[in-house]
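Okay, got some structures for you below.
Both of the next two complexes hold chain A, though its partner changes from chain B to chain C.
Moving on to the complex of A and B:
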């Protein structure tokens, strides 16, 4: 049977809108991620003080802020279904693939909003020039997708486990570390005034990792979701 | 009866052979293999460090395959096997990390300096540890098997990145691995003999240990079944 795209997209949209509405009413995840980003940024910025920091260092600091803020918000996405006991209803009304994609889209949106808020603030706080803004945006976008994918699949893994908070960080760290490592080195290039020949290989590595991770997550999600 | 006797004798001979060759490899590494030009005595760690690194990845691969088998068949036995493979994997991962750190102290002057190779082996260690952290956090047996199988597979897709991609993107001081970009083996024949024997015999040792663990798991299961029958 050929895949029908329209109903699939429609289903994803309905589920995505449900999460969005829920979020707009409670604003729990939004508040958490924005405040967490602000707190991490303050901690980093304050401890560095007025030292002149090299671009390489700034790239690493930026991704530390991003990754830790993301980790604080992702864990909640499936947990809230378990807590509200709506997970079983969700299983009845939608296919696993659509559920995963809807949750994933929500996480991507959440992280993108956080990036729109954090990155300008970060650049302002450390008062430096980004030499290649286009490259930075591309890196952030691919990193965003990678982090959201890893966050979504790990979130469903831990929704049933005990001691979730600590477990989420422990489990997701090895999976999203490749994203972080490549993103840091790509961001270094974007922050420097030097030529950007090496950027292509970094971006290819990141893109391929994103694709592999998303495909694997889509395939594996069904095994966790249906029991 | 005769058949089991032959089988037992074969197993005994195999174990004896494994024991003898393992000792030969240790002796060979110190007394038979010559030192290549410019290399110091401490490079002999190579005969133990590289095979353990190889087994770390092999154990992880086997655990991923076994996890896949579990998800396919939903037989608890596969899950127990996968956990056993990972337990051995974490052991060899520790050996690799420690021998590597010892070598680094002798060669680079510090036990640890976040060389890309050191980073990747450390991340592997973290993945293994996270796998067992997940297992201990889930109470329900079926849930535990399912979740840890998915995690093993998910983590496994990051392994090629750490082993093959990251150390090649970033400059590393680590000596070229056997599968290097020039596709050349930088060892003379005597070194190669010892090295390949070591690789083979370590793999055999690992498979033997894994087999032993699997037998224990099966025996455990039988005992449980019998106990249930008596009740």
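Moving on to the complex of A and C:
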């Protein structure tokens, strides 16, 4: 049977719009992610002080701020449905694939907003030159997609688990680690004045990881959601 | 149009909740599920509506001469139950519009207006659900369930949180729906049971 794209896209949009409307009214995830980003960034910039930090170290620090801020908000996306007892309502009226894609799109948006806020502040706080801004934007975009995908699939696992607690950080660490390592490596290149030959392999690795993770998450989601 | 359940069993932590439940519901033959608290009525309703899976047995939905596939079933189901909540941050209208768009209800705004008028919620459509009383939320849950005119309607505790006017409206709905749709409801109320054509006792 041929895939009918329009109803699928429409369903994703309706679900995404619902999450957006809820978030604009409660601001729960927005507050969490922005406050966490601000606090982490302040802590990092104060602890480093006026030391002259190498681009390699800056790249690692930037991604630590991004990943930890993201972790504070990702779990919220499915947890709120379980806690408000709307998960079964959602199960009855929407397909698992569209639910996953709408939640994933919402997490991508949330992380993008956080990046737009955090990255300029980070560059300003450490007062350094980004030699290849285009490469940095591409790295941030692919890292954003990878983190949001990992965050969304782990979020549903946590929401379905009886004992949630600190599970999110524990479970997401092994999934997020490859994204972090490649993103840090690509960001180092964007921060340096050197030639950018190595960048292609880093970007290819990030893109491949994003595609594999998104495909695997889409295939796994229905089993986790309906279990 | 037919709902057929065959030998449904369910266990939680090795404890049997449902054992070998079979019945058939069709238009003109509404089924009531009864049983003491904790007997598994809600679990059975969740199995019937594909929210959870049985350990044994199955549920078949027959519509227009074919058996519906699992992914098709949800488009034809309406469910009202205390465990199904609406979105508290959204208005009543936004909740109904959300359901209408996902179920592709034609002329949704007109239908929402008509239904809201019927249950006395017209003046409250633009209020957020968290400001609703439990009775108003229950009425809204009914609207959410019947908005797309589902062929299969499931109700867990039909009178829950409703005043006498609300109960009268629900009985009118049961009477109307059971004529040409499949209706299954879970209750222990004697008056509710008068609307059933078959009573299935759910016991462990």
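Just so it is clear, the second predicted complex is superposed on the first by the 224 of 227 C-alpha atoms of A that agree within 3 Å, B and C clash if a C-alpha of one lies under 4 Å from a C-alpha of the other, contacts with A are read in each partner's own complex, and residues count from 1 in each chain.
By our rule, a contact is a pair of C-beta atoms (placed from the backbone, for glycine too) under 8 Å apart; a residue touches a chain by one contact, two chains touch by 3 or more.
Note that the structure is a prediction, hence the values are computed from the model and not measured.
With chain A as the common reference, chain B sits beside chain C without any clash. Contact with chain B, but none with chain C, is seen for A:216 once the two complexes are overlaid on the shared chain. With chain A as vertex, the superposed Cα centres of chain B and chain C define an angle of 90 degrees, given in steps of 10.
Contact with chain B, but none with chain C, is seen for A:157 once the two complexes are overlaid on the shared chain. By the touch criterion defined above, A:170 lies against chain B but remains apart from chain C after alignment on the C-alpha atoms of chain A.
Set against each other, chain B and chain C differ in how many residues of chain A they touch, and the higher count belongs to B. When the two structures are aligned on the shared chain, A:144 is found in touch with neither chain B nor chain C.
Of the two partner chains, chain C is the only one touched by A:25; chain B is not. Here the smallest spacing between CA atoms of chain B and those of chain C, following superposition, is 6 Å.
Those residues of chain A that touch chain C in the complex are listed here as 7, 10-11, 14-15, 18, 21-22, 25-26, 84-86, 88-89, 91-95, 226. For chain C in complex with chain A, the touching residues are 46, 49, 51, 53, 71, 74, 77, 79, 83-90, 94, 98-99, 101-104, 128, 144.
Contact residues of chain A toward chain B in the complex are 153, 157-158, 160-163, 167, 170-171, 173-175, 177-178, 181-182, 185, 201-202, 205, 209, 212-213, 216-217, 220, 223-224, 227. Chain B makes touch with chain A in their complex at residues 71, 123, 126-127, 129-130, 133-134, 137-140, 142-143, 146-147, 149-151, 153-155, 157-158, 161-162, 165-166, 169-170.
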